[in-house]
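The same chain A turns up in both complexes below, where it pairs with chain B and then with chain C.
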Partner chain A sequence: MAVRATDLLLSSGDEEHTLEEYEGRMPRWCTGCGDLAILAAVQKLCRDKQLNREKVVFVSGIGCSSRFPHYMGTYGFHGLHGRALPVAEGVKMRRPDLDVFVNTGDGDCCSIGAAHWMHATRYNMNMTVMMHDNNIYGLTKKQASPTSPKGTRSNTTPRGSDLDAFDPLAATLGMSNLSFVAQAVDWIPELLYKIIKQGYEHRGFSFIRILQRCPEFMPNRFEACVQDPDKLLLLTHKNGIELSPGLAKVYKNQKEHDPLDLVGAQEIAGTSERVPVGILYRNDSVPCYEDLRQPTELITPQLIRKGLETELDKFTIWPSD
Partner chain B sequence: MPAKNSKVSVVSKPAMAINEHVVEIISDSGEGAQKCGQSFASIAAKMGNGIWTVEIIPAEIQPPARSIEGASGNRIRLAADRVTNGGDKANLMVAFNEQVLLGRLHADELADGAIILLESKWRTDPNAAVAKSYSNVYERLVADGFKPIEVPMETECLKLVADARRGKNMFVLGLLCSIYSLDMQLARDQISTIFKKKSAKIISANHSLLEAGYDWAEANLDIKFKIPTTPAKEPHIVINGNTALGLGVMASGMEVCAMYPITPATSASHYLSDVFKNVGGVVHQAEDEIAACAFAIGSSYAGKCAVTITSGPGYSLKQECIGLAVMAEIPLVVINVQRGGPSTGQPTKPEQGDMLTAVFGSHGDAPKVVMAATDIEDCFYSVITARRIAETFNTVVVLLSDAGLATAQQPCPRPEFSEDWLAPPIDQSPVEDGRLAYDWQLQTGRVNRIIPGQPNGMHTVTGLAHDRRSCVAYNLTVNKEGVRNRSLKLAALQKTLKTPPVFGDDTGELLVVGWGSTKGAIEEAVQRVRNDGYSVSSLHLRFIQPMASGIKEILQRFDKVLCVENNWSDDMEDDLITEDNRRYSNLAWLLRARSLVDIDCWGEVGEQPIKPGTVERVIRDRLAPRAINKTAPNRAAAGRH
Partner chain C sequence: MSVELQELLSFHRTGKNRALKDKKEPALKLRPALFADYSQLSKLRYDYPLVLLDESRNGDHVISLMDLINEVLRLVVPPGTQGTRVRQQVLALELKIRELLRTVPPSKLGELWRRAEKDLLAHQSDEVAQQLQESWDTAWAALRVDGLVVDCDSELPEQFVRHFWRCEEALRTKRGSAKIDRLILKLGDILTVDELKSESSRTPRKLRDSLGSRYQDAFDFDIMAELLNSAAAPVRLPAQRKKRIKAALATLKSQHFFKHSDTDASAGQYGFQYRSVSAAMAAWYERLPDLVALNNAIAVAELEIDNRYCETRHDLYLGRLGAHALSPADLAFFPSYLVSLSERDLDSGEQAILMDALSSDLPLKILLRVNDILGSPSPVDAQLHNGVRGQQFAAMTVGLNDAFVVQGSSSNLYHEQAAVERGINFGGPALFSIYAGSCNMPADLPVYLSTAAAIESRAFPAYSYDPSAAGGLACRYDIEANPQLEAQWVAHEFIYEDEALQRVTETLAFTMLDFATLDVRYADYFADVPKDSWHENMRPAVEYLELAEQERQELVPYVVMIDDKNCLHRLVVDDMLIRVAARCAQNWDTLREFGGINNSYAQAAAERVSQHMAAEKEQALEDLRAQLASRPGVATSGSAPAALAREPEQDVASVAVETIEPELEDADPEGAYIETPRCTTCDECTARNARMFAYDENKQAYIADLTAGTYRDLVEAAENCQVAIIHPGKPLDPKEAGLEDLLARAADFS
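And then the complex of A and B:
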């Protein structure tokens, strides 16, 4: 039987990547945890984009949500509580060929890592950041987080927390050099997927706050929103999210919002009684830090020798003869 | 001794030959004493003198004028031969006002009979209080046995320029060129170089000031010295320790330096910020030291080994990140230019107080390599070595320098670049089937790291205890395997280290042990007492962790062992202090534990690097009960513990 040349190759190297390829370890989150939905959306995105797994790095901090990288079939960096962003920046700085994603919790991002968040926004490095906001410290077993609503009973606030919740959307919309801000919820997979996808497609620092259910410690926190579509406000725009007819039918509260409109975004974040879902802000013209700081020449031993010799010349005393 | 007011007549006087001098030039900050001192040192170095310069830096940016704390300037030790430290007290001091001089007097920095050249304009200052203060200090100097020489710096400079404040330093440079018989053509060239960005007019004005200073000294001063020179046969570079660190970073092939400003480390990053881009590198000024360290770790993880440069407080902030790099086995170079601690401490003052923090820092068992640079040249090569070790062993290498080395300048042989210094290009080849993220090798604990971008190598690194696949360890034996292997790596590195050489005889009565920047001062002190017939040697450590083998055996060959360090140790003379409660100096703690030798220690947390004279005194004190034995017999068999 004749063997065709094409059959001599074990693999042509251009097969479709399957969803399974993007799966890593078996998730150990609680049943019903919103993180599972985020994981599913991200794996689907990687598959749809046919990302080369070896070129993708998921960086996280510490928390339930920060276990995320272990569950991906890509490279991952599960680092320190609060420090995911600076690690991710370091990864990206001289490896622009890598796709960088960050998974961080509300404690991780808005409390211990808050300073990094503000500065990461300003650096505007090309990465997709998902802040899994369950309004609680999950991994350490139920302490109030900055985003816990006032009155939240937790192990550190047994009589209810005293302070109004910190608003990450309003905060981030006030930061300098902003380039992408969105809000998603874990219980509407279609929107979750679309929003993360837009974040990924945006070239710059894409910050996505995801309201994430923690049935273990905050079982009722988002229940009302889940049950009652009326509690959400869907932001739609031809340059933002466009709803499928199915969703449009269920979620009647819609607002046409141009992602270029920062003041409008701030108004929505600061004043809306409903939970806004969609792209609040996007500005494609903010330069990325890693681009600004790229080497101008190919780094070779010759370049280093030349640079070093030039420097040494400045300090040299030559023998006079 | 008010200066004679004779007319300028340039007749060179005979010069007195001396072997070395320590010269200080001090002024209010902003009057250019630094520039004068550095130029003076450069000229002397070019002529072939050994030099070592030390910056005298006030704590504030703009301290009040004419204040004791405001003294700013430069100390230059110049000698016939190579010098390895800043030397002892000053033999000649040029002061732009009496208050800054008083500061140096209080700090006991003037040698007996030191020559003092003092700006005389304050004697007739319209402000009576100033004039009074001046004459009081003058009289005090005379009472203390000094013979201050009053120099009308301002008056002379005003003959040439409108603003004497901006020209005095070059006038003083001229004075010093006359006093030390330096080559005036080299001095003119030096001025042309330092003002090369300025107009021809400015350069020529400064040349005139230089010559005026020279002529004035020739006409009015009776002092003239000549320190023999040995012109260098090989090219040398004159740099300070922080520049050496910066050059080392460039030469090591590292591409990323992440930092947050902190004295006295910042100038290394300033220098790199200026030139790193020429070799493709980038300096990232992060939002804080934690971020800087995390950024460097991210970069190293992605295959571009990075360095983070800091000092005490910043070093403390990096501890959690350092533990992560140790745990996840990510190469990282951390440079700590030590300053006086604890807390904000003494930002501009040298101290060797962070050794134990470096060795034991972070939490849990976090084995890391700790090196200490011994001099300026060593700052350069240590960075290259640190990068290499970090990448070979996939671990953290902490390199300790200090505020003394940071600003001290010394000529050292010009390095010859070698491509071996650089990291190999990052591996992006596919990972063979079955290879695990942590393929800990049985003998050495080493791993072959897999870098993002390598097909088939996907895994998630973690700061949690993990197994060979980098999966979170849920069982205890797995954790133990990682702990053991990370520790083993240091033992494997230790096998490659050479036993440090003993300075002096291999055996004897007293062995002085030091580490890092005190090498020059200790060896000079040891040489001095050896010249007097004492049986003293010294040993100097660069690798603090791991520590080379053979050190215990060396210690055991001496009757007494004494650590001399620029850090705190309790003084046995204090009433409350006993063997039971004494807190030892950093290295003494470590060496006692490692060798079981009963090591004594002496330390100083002063304002400056330890002086050879101080070490000499300490050695003589320790040996005081013994008579000098000029013909010490071979003590090879004696004094074993």
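And then the complex of A and C:
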């Protein structure tokens, strides 16, 4: 079928967006920070998808990773600690036409914002959530976060943290109405890009935990994994991630895992032998909250006024006759 | 040859035999034998009447009364004896509704239900009446739908197609209105925001009004206005853009194709239902400038709202987007036109306009009620229409290959509803050619039977043709609505009692000749043969049709009929009608071939392949036999040993193409390089020397200029790289200070 007039006009030499157009301010993360790799992957995704910059919103909370919106040449909302998800939900509810990305950290998401995370997963609104997990509060100069390994010495745990680390993957895989869970690492750019891309393409709440190096406060946390490919377990499937020959040659530990298999995903997340990387779970049939709550009529100023007056009239004291 | 046979043959061959005609039963009292079970149609439960639903349910716009009652019974009837009673009571009500349909004006199901209740309760005792009322109330509560009840009559095609058209158009109009209202709102918002940036919006009075009354005394609005106006002037919309938005807004607000949310229903809206093609076409062309303007205004609005309108590129296009540029995708947004026609009212001029309209891309939905399939017998002998008159418009339209075509009859519309819906939603023109019964049929013959006979006899086969369907001709044709697709003629079991009151079972075919017996104009082409004159050379017409010309000598074809007392008769058929029936069969074969059944090309190709494979196999066997024979000590026989006769199995492993990804070109071990795809963009190297190291288009590092730094820079970058992907290679300057140490450190990254 021939195109509509609008599409015809748009196709008349529409300019191609370059990666530089998606760049915002100069990043102020430390040299060697894994956030830089995540930023590069996301900017590449925006370019490859040719997203309209004015139709993209990055929402964040507080923390190193939450500086992300400043570094994107799109709209952004640098919010309050732990509150990235409710802000993103509000944006999506009112403007479902926008592409919404959320950048949150392990402290922001798994500690103060944990309740929002649980309910955002359940709401399954169409957005891509990247949890930058460096296992530490970096912005405030090293305090233990929920995902810090047991024994982590920090400003708040000088004798080493007492508890085993919280597992965000296992926690998410136990939440209701789940639709997409993946894990990536910042030091394999090809895989990082592919996972974020699949998260973006999935219609629903795409939760991607990204293991991210912090060279300043947790310099050796992931060093073993970076240097030894055998420490990773790459999840492959024709409906998930398919590895390039080069990557498959280096990373020999591979497991075919159907992203629809929730029990299998929970089993993988529960094992601590190797770090799983790939799509753990994806279910495209879960309805999105913004679709379920789509207004049946156009929200006009007149309609809002009418609604308000109806509500206010309930409290009006009418003069007696 | 006996005298009796000569009499029969003379009628069959000439159509004239006074003696035989005088003996015959008046033709109109006879019916095809297979009609025997349908003498009291209103007492039977079948798929008519239909309920045209007021509100579509699960995507269905119509449901048969029988299906609806069955559904209700499944929901509310309790198991056991109690259930049997309720079932009977509800079925009695359904029967009453069927009877009422023949006497009361067109009504909704609810009205008919209440009327039937009232009639049935009139002579019941209070106790029985209470029981009945309880059962019917329960059933009615489970119905949850209402709508006009229509029976299978001559008006049905128009009621049915119009109902579907209205339902689909209601959805389209709702979507269109919502879209236009949204565009108006968004464009209005752009202008409102711009207006708020104007000086006139910052006057003390405007500022005071914007705050409300309670805290007005707390502010000095004069100073506030002065302060605001002294600040840098805000960026306003460019005049050209503002003008463009206002023009688009005005067009959207003044359009007449869709209802606006703030106006009364249909006020000022265009109508889209017509009784002639020329009137519909005239309306189309009259409204075309408005349609083009609205279409362009929508395009402008969508681009402006997304901030994607670029004057340098789009002004040029927009100025040239006229009627010729309207694409099917554009037209799919606008309402379609429904034209209701009767074939008998079409003069030659209107026929030409009809074909012209159907060959256009315009969204015209044309309902053509066909009332005459066979056509009148021509005054000139041997010049019949050959039974194709009623099919000509549908066949011609298929030939255009641009329009959606549905051919069917009133009796099978319920089963063709999916095709009707697809035709209504088709982007271009659609023709619905529906046989609605004929005035040349007996007045007491129900329309359901006469129209069903048209389908069963292959005189008017049902099919749809969708030119947009991918996958070849067989995918575009859908002939599934016809009974017994694989058979030339539809056949049914026929049971009767013979003279000795013994049960006899026969299989009777229902041919185009049976259909012709219903048409009063063809009465003279049949002759009723009294039973005492039945001859052994008489053959059922369906058998006769299958015989070659030379085999038909001295045989007389007949069709089996019944009279009003259910006694069997045989009608001898004029040879001219036999030729018409043969042509009807050929047409059916052609249609089946179009629909993918018995495709002659595919059959021929399959036969060729089969022969080729057989020859190859035989050759392979011959070769094996020859090999065996040449071996000493092996006895030759007529057939190869079983193991050798088996088709050689293909060794999958041996033929599988091994796919090996090409290795990346080996890097020069002497030169410095970076494994760019593995770069994590950590800024280590670029921060060290931004001229030597740079990022590519994917923001991953590569060596931009090896001469822009020292070998030390390279080695230190390699040492600090988080993922160890920098390989320093050999130094460019052999005299660089401390080279020995640097080479030793670089060795770790070679």
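Quick note on the criterion: the second predicted complex is superposed on the first by the 285 of 321 C-alpha atoms of A that agree within 3 Å, B and C clash if a C-alpha of one lies under 4 Å from a C-alpha of the other, contacts with A are read in each partner's own complex, and residues count from 1 in each chain.
Please note the rule applied: contacts are C-beta pairs under 8 Å (C-beta built on N, C-alpha and C of every residue); 3 or more make two chains touch, one makes a residue touch a chain.
Quick caveat, the model's predicted, so the values are computed rather than measured.
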So in the superposed three-chain picture, is A:A171 touching just chain B, just chain C, both, or none of them (first/second/both/neither)? neither
Should A:T316 be classified as contacting the first partner (chain B), the second (chain C), both, or neither? first
With the two structures laid over each other on chain A, which partner does A:L262 touch: chain B (first), chain C (second), both, or neither? neither
Of chain B and chain C, which one touches more of chain A's residues? B
Just chain B (first), just chain C (second), both, or neither: which does A:L51 touch? neither
So, does A:A40 touch the first partner chain B, the second partner chain C, both, or neither? second
State whether A:G79 touches chain B only (first), chain C only (second), both chains, or neither. first
For A:G32, select first, second, both or neither according to whether it touches chain B, chain C, the two together, or no partner. second
First (chain B), second (chain C), both or neither touched by A:P245: second
Chain A positions touched by chain B in one structure and by chain C in the second: 52, 54-55, 297-298
Contact footprint of chain B on chain A as seen in their complex: 24-25, 52-55, 57-59, 62, 69-70, 72-80, 83, 85-95, 97-98, 115-116, 118-119, 293, 295-299, 301, 303-312, 315-320
Mind listing the chain A positions that touch chain C in their complex? 1-10, 12-13, 18-19, 27, 31-34, 36-37, 39-40, 43-44, 52, 54-55, 186-190, 213, 215, 226-227, 244-246, 297-298, 300, 302
Parts of chain B lying in touch with chain A, wherever the complex brings them together: 45-46, 231-239, 243, 247, 250-251, 253, 255-256, 258, 275, 277-282, 284, 286-288, 290-292, 294-304, 306, 320-321, 324, 328, 411, 414-415, 417, 419, 422, 452-464, 471-472
Residue positions on chain C within touch of chain A in the complex are 178, 181-182, 185, 261-262, 295-296, 298-299, 302-303, 306-308, 313-314, 317-318, 321, 325-330, 332-333, 427, 661, 664, 677-684, 687, 697-700, 720, 722-724
